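Read from first to last, the chains carry the letters A, B, C and D; within each, the first residue is number 1.
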Amino acid sequence: MIEWLLIVVDIVSWILLIIGSICVLIGGIGVLRMPDFYSRIHAASLTDTMATLALFSGMILQAGFSLAAAKLFAIMLFLLLTGPTATYALANSALLSGHKPKAAVLEKKVE
Amino acid sequence: MKLFEFLGYYNYWVFAILLMIGFYAVIAKANLIKKLIGLSIFQSAVFLMYISMDKVEGGTAPIIKPGVVDQLYSNPLPQVLILTAIVVGVSTLALGLAIVVRIKERYGTIEENEILDAD
Amino acid sequence: MDFAQHLPALQVIVPLLAAPLIVLLQPRGFAWAATTATAFFSFAVSIAIAVRILAGDILRYEMGGWFAPIGIELRVDAFSAIVLLIISGAAAISLIAARNSINQQIEDHRQPLFFAAWLLAIAGLVGMVVTADAFNIFVFMEISSLAGYILIAGGPDRRTLPAVFKYLIIGTIGATFYLIGVGMIYMMTGTLNLEDMAQRVVGIEDQRPILVAAAFVFIGLALKAALFPLHVWLPNAYTHAPHMVTVFLAACGTKVAVYVLLRFQFSIFQSFGEHLLQFALFLMPLALLGIIVASLVAMFEGHLKRMLAFSSVAQIGYILMGASLMSDSGITASTLHMFNHALTKGALFLAVAKFATQYADLRIDSLKSAARSMPLTSFAFVIAGLSLIGVPGTAGFISKWQLIMAIMETGNMGFIMVAIVVISSLIAVGYIWRVIETLYAIPTDDLPDDAADVSVKPEKIDMLLIALIFTVAMNIYFGLVPGLPLTLAELSSKILLKVEF
Amino acid sequence: MTIVFAIFLLTMLVITAVAIVQSSNLFVSVMLTSIFSLLMSTNFFVLDAADVALTEAAVGAGITTVIFLSALALTATQEKPNRSGRGIALIVVGLTASLIIYATFDKPRLGDPDAPVHQHVAPYYLDNTMEQMGFPNVVTAVLSSYRGYDTLGEVFVVFAACIGVLFILDARTGTGPKYVTRKMTGLRHHLIPQVVGRILVPFIVLFGLYVQFHGEYGPGGGFQAGAIIATAFILYSLLEGEQAALRAVPRSAQLGLVICGALMFGMVGVLCMIMGGEFLDYSVLMENPVTARQIGIIVIEAGVGMAVCGAMLSIFHAFAARSAEDTDEAV
C-alpha cells in the first residue's frame, strides 16, 4: 500500500516538474517571439508564477516530509511574492517613462 | 580519454577566457565604468580558478557530517581565501565608482580620452 | 602579557585598531595628534624590533596560536626590520610635519577620515612586511592600496581624480596578478606559508604552473613597485597627491612592493637554478633602461613634483639593479639604497611641501629666487639633492658606492653598468642643478614689483621645517656613520641568499 | 550529470561576459554583470563551495549591482564609441592568455583527489575542526580561527572602502541638512511593490540573522549575513525614499556599526593577548578551549557582520543621497 502510494507521489511530482519545465520553455520562447515589450513581460511572467508553482510543488513532493521541503516551500512563497511584483514594477515604470504598447500605437495609426 | 582530459581542464580554459575578456575591457575601453566592470570580471575569473581547485570528485561541501566515515570533502582553504577576495573586490569597486562619480562632477564626462583632452 | 613577545603583532594591530577609533572620536585637531602619536608608537616598535634583530634574533609570531602552515605566521628578520624602519620612520616624520600642510589641503570635517586612511596605509604596508603568509600579503596589500588611493584622492586639483583612478586600476590588476601567481603556487604545493612553500617547491620547480606563477607574481609586484615600463601610474599620482602624502608614499610606498618581490624571488624561486639567471637577465635590462629613461624624463620635466617622481622611478631601477646582480654585495647595496633613498626622497618632498606653503604653483620656473624668502628650505633642498646625486658625505653616496663596488665584482660586463650609473648620476646633477639654479637665481628687476613683494614673506619656522632639517641631518649622519642600515642590509642579503641563518 | 551542468554554466558565463563587454549601454552591462555573478555563484555551488556561492550571490549579484546602479544614476548610461587602444590591448591580452594556457597543461585535473592542495594543509582542517572547534562547518572554522588574521584584514579592507567612499564623495558623517534628500521619495506611490516590499523586509532581516548565527553549522557567517541585512535596508530605502531610510538608520549609526564591528573583532584579539595567548587565540578566553573558541568565533562573526552591513549601507547611501542632492560644486 505504502509503496504504491510512493509511486503515485513520484509520478505526480514528475508530472508537475514536466509541466513546470514546459512553462519555463514557453516563457522563454514567448520572450523571444512576442512583438512588443508588454506582451514579452507577459510571457516572462509565466515563469514567475505557473512554472514556480509547478516546479516547486514537484520538488517538495520529491523531497518528502523534511527540512528541505520546508525550505523549498519558503523559497516558493518568496518567488511567488517577488516575481509578479517585479513584473508589475517593470511594466509600470515602462508605462511611466512613456513606452506605449504596440497595439495602442497601431490603433492610433488606423484612426 | 582525450575528451575527458579536456573536460577536466575546462574550468581552467574558462578561467583563462574570462580573465582575458575582463582584461581586454580594462585596457581597451575608454569608459571608466566599463573599465570597472571589466575589472570585476577579471577578478571573478580568478575566483573561479581558486574554487576550481577545491573540488574533489565525489566530495561535498566542507561541512563535516558527524558519524559518517569515508566522506570526501572539498578543500575549505581556497573557499576561505575567495570569501576574503570577493569582499576585497567589492571594496575596490566601490572606491573606484566613488572616484568615477567625482570625475563626472569635475569633468562632465567619464570617457578617458575626453578627460585627457580636458586637461 | 609579555610585551616583547608580541612586538610583531603590535606593529600591525596598533595602527590598524587606531584607525576606527579616530573616526569614532572626531573632535578637531585630535585626529592629527592621535595619528601622529600612533605613528610614533609604531616607530618605537620598529626600533625595538630592529634592536632584537641586531642582537641576532628572528622574531616569529603565531597568529591565533596556530602553528605555521596551518595558521598565519608573522616572521621578522633583518630584511623585514629595515623596511619596517623605513615605513614607520617615514610615517612618523611625515605625520608630525603634516599638520599645517594638511589643514591647508583637506577640509576640517574630512580630516578624521583622511587620517584614519593614513593609519590604515601604515598598517597595510607594515602588515605586508611582517607576515610570512602569501595570501596574507595580498590582504594587507589591498588595505594599503585602498588607503593609498584615499590619501592621494585628497589632492585639491581635479587632475588628482584621473590619476587616482589610473592608480586604482593598475594597482588592482597588479594585486590580482599576484593573486593568480599565489594561486598557482598553492595549486602545486598546497601551502601558503612562504617558508613551507620554499621547501615544497623543491623538486617541482620546472613544472609549468610554477614557472608561470613566477611570471605573474613578478609582473604583479612590478606593477605595484612601478618598475620601469610599468610605472605609468606613479608620476601623476605623486604629483597631484597632497604634499605630505607624497612625502610618505615616495619614501615607502613602492619599496614595500620591492620588498615582497625580492622575498619571493629569493626565497620561493631561489631553488630554480635557471630561474634566477632568467630573473637576472630579465630584470637587469629593465632596471638599466628605467634608470636612464626616467632620469632623462626628469631632466626635461617642468614640474618640481613630477620631476622628483620620475627620479623615484629611476631609483627603483637602482634598487632592482643591485638585486639583479645576485651577489651578496649587490643585495646589500640594493637594501641599503632602499633605506637611503627613502631618507633622500623624503627630505626632498618635505622641502617641496615647505615650498608649497608659499608658492601655489610648483612648476620649477615659478620658484624663481625662492631662496631669498626661504633660505633654510632651499638649503635643505640642496643638501638632499646632493644626497640624491650621491655626493660623498651624504647617505646617497654610501649606497651608490656600494652599488658600484658590487658591479665591479662581476667583471667585464660591469663597466657598462658602472657607466650607466655614472651617466645617470650626471643626469641627476643636471636636474637637481636646474632647480638649484632657479632657487638661487638673482631676481631680475623686470618683474612687476607687486608680484615680488607678495611672495617675499619671512620663512616661518614650524614643525615642517624642523622635520625637514632633521631629515636632511639624518641624510648627512647616515652618510658619515652608515653603521646601522649597513649592518641590517648585510644581514638581509645573507638571509636572502641563505648564506647563514 | 554534474559535469554537463557545469559545462553548460561555464559556457553561459563566457557568453555573458562577452555580452557585458560588447554592450554599449552601461545599464545593460550592469544588469548582465548581475546575471554573471549569479551564474558564477551557481557555478561555485556546483563546485561544492556553498559558503562562497552564498557570498557571491549576496555581495556580487546583490550589493555590487545596487552600487553600480546608483553610480550610473550619477554619471552616464551610454558608453561612447571609441576604438583606440584596441591593438595594444589585444597584444597584452594575447600574451597573458598564452602564458596561462601554457600553464594549464601541468595543472592537476579538476576534482583530482591526489592534487597537492588536498594533501598538505587542508586535511588538517578537515580532521581537526570537529575536535578543536566543536562545530561542523570547516569553512567558518578556517575563516574565523585558523586564518582569523586574514579575516581581520578583510574587515579593515571593508572599513577602508567605507571611509574612502565617504571621504571621496565628501558625505558628512553627521546628518547635515544639505545631505538629506528632498526629491526622491522612492516607490511610495506604487502600492503593490510597497506592500510586498514591506512584507519582505523583516523576513530578509530574519534570514540574515539566521545566516549569521547558523554559520557554524551550515553555509553562512558574518559576511553573507551582513550583506543580506544590508540588502534589506537598501530595499527599505528604495521603497520609502532616502529620507525615511536615513531617519530609520542615520548615517552616524551606519558608520558606528562599521567601527563597532571592526573594533569588536580587534578587541577580542587584544583580549586574547591580555589573557596570555597570542593575538586572536580564543582558546585562552575560558577554561575549556573548545567553548572559548566557540564564543570567540561567535563574537568576531558578529563583528564581521556588523562591519560589512554598516559599510555596505554607508557606501550605498553615500551614492544614493548624492543623486538627489544638487551637485552645486560641479565645475
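Keep in mind that, in the parts below, a contact is a pair of C-beta atoms (placed from the backbone, for glycine too) under 8 Å apart; a residue touches a chain by one contact, two chains touch by 3 or more.
Fair warning: this is a prediction, and the values are worked out from it, not measured in the lab.
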item: Most distant chain from chain A, judged by the mean position of its C-alpha atoms; value: C
item: CA centroid of chain C to CA centroid of chain D, Å; value: 32
item: Euclidean distance of C-alpha centroids - chain B vs chain D, Å; value: 13
item: Intercentroid distance (Cα basis), chain C paired with chain A, Å; value: 59
item: Intercentroid distance (Cα basis), chain C paired with chain B, Å; value: 29
item: Of all residues in chain B, the ones touching two or more other chains; value: 19, 23, 53, 77-78, 81, 84, 88, 91-92, 95, 99-100, 102, 106
item: Where chain A touches two or more other chains at once, by residue number; value: none
item: For chain C, residues contacting two or more additional chains; value: 135, 139, 142, 146, 149-150, 153, 158, 180, 186-187, 192
item: Contact pairs between chains, per stated definition; value: A-D, B-C, B-D, C-D
item: Chain B residues touching chain C - in the complex, by the definition given at the top; value: 19, 23, 26, 32, 35, 39, 42-43, 46, 49-50, 53, 77-78, 81, 84-85, 88, 91-92, 95-96, 99-100, 102-103, 106-107, 112, 115-116, 119
item: In the complex, chain C residues that touch chain D; value: 1, 6, 9, 13, 16-17, 19-21, 23-24, 26, 61-66, 69-72, 109-110, 113-114, 116-117, 120, 123, 127, 133, 135-136, 139-140, 142-143, 146-147, 149-150, 153-154, 158, 180, 184, 186-192, 200, 207-209, 211-213, 215-216
item: Chain C to chain B touching residues, read off their complex; value: 135, 138-139, 142, 146, 149-150, 153, 158-159, 161-162, 164-165, 168-169, 172-173, 176, 179-180, 183, 186-187, 192
item: Residue ranges of chain D in contact with chain B within the complex; value: 3, 6-7, 10-11, 13-14, 17-18, 20-21, 26, 29-30, 33, 36-37, 40, 43-44, 47-52, 55-56, 59-60, 63-64, 67-68, 71-72, 74-76, 79-80, 82, 84-86, 88-90, 92-93, 96-97, 100-101, 104-105, 107-113, 115, 117-118, 121-122, 125-126, 129-130, 136-139, 141-143, 147, 150-151, 153-154, 157-158, 160-161, 164-165, 168-169, 217-219, 223, 308, 311, 315, 318-319, 322, 327, 329-331
item: Footprint of chain D on chain B - complex, ascending; value: 5, 7-25, 27-31, 33-34, 37-38, 40-41, 44, 47-48, 51-66, 72-84, 86-88, 90-95, 97-102, 104-106, 108-111, 113-114
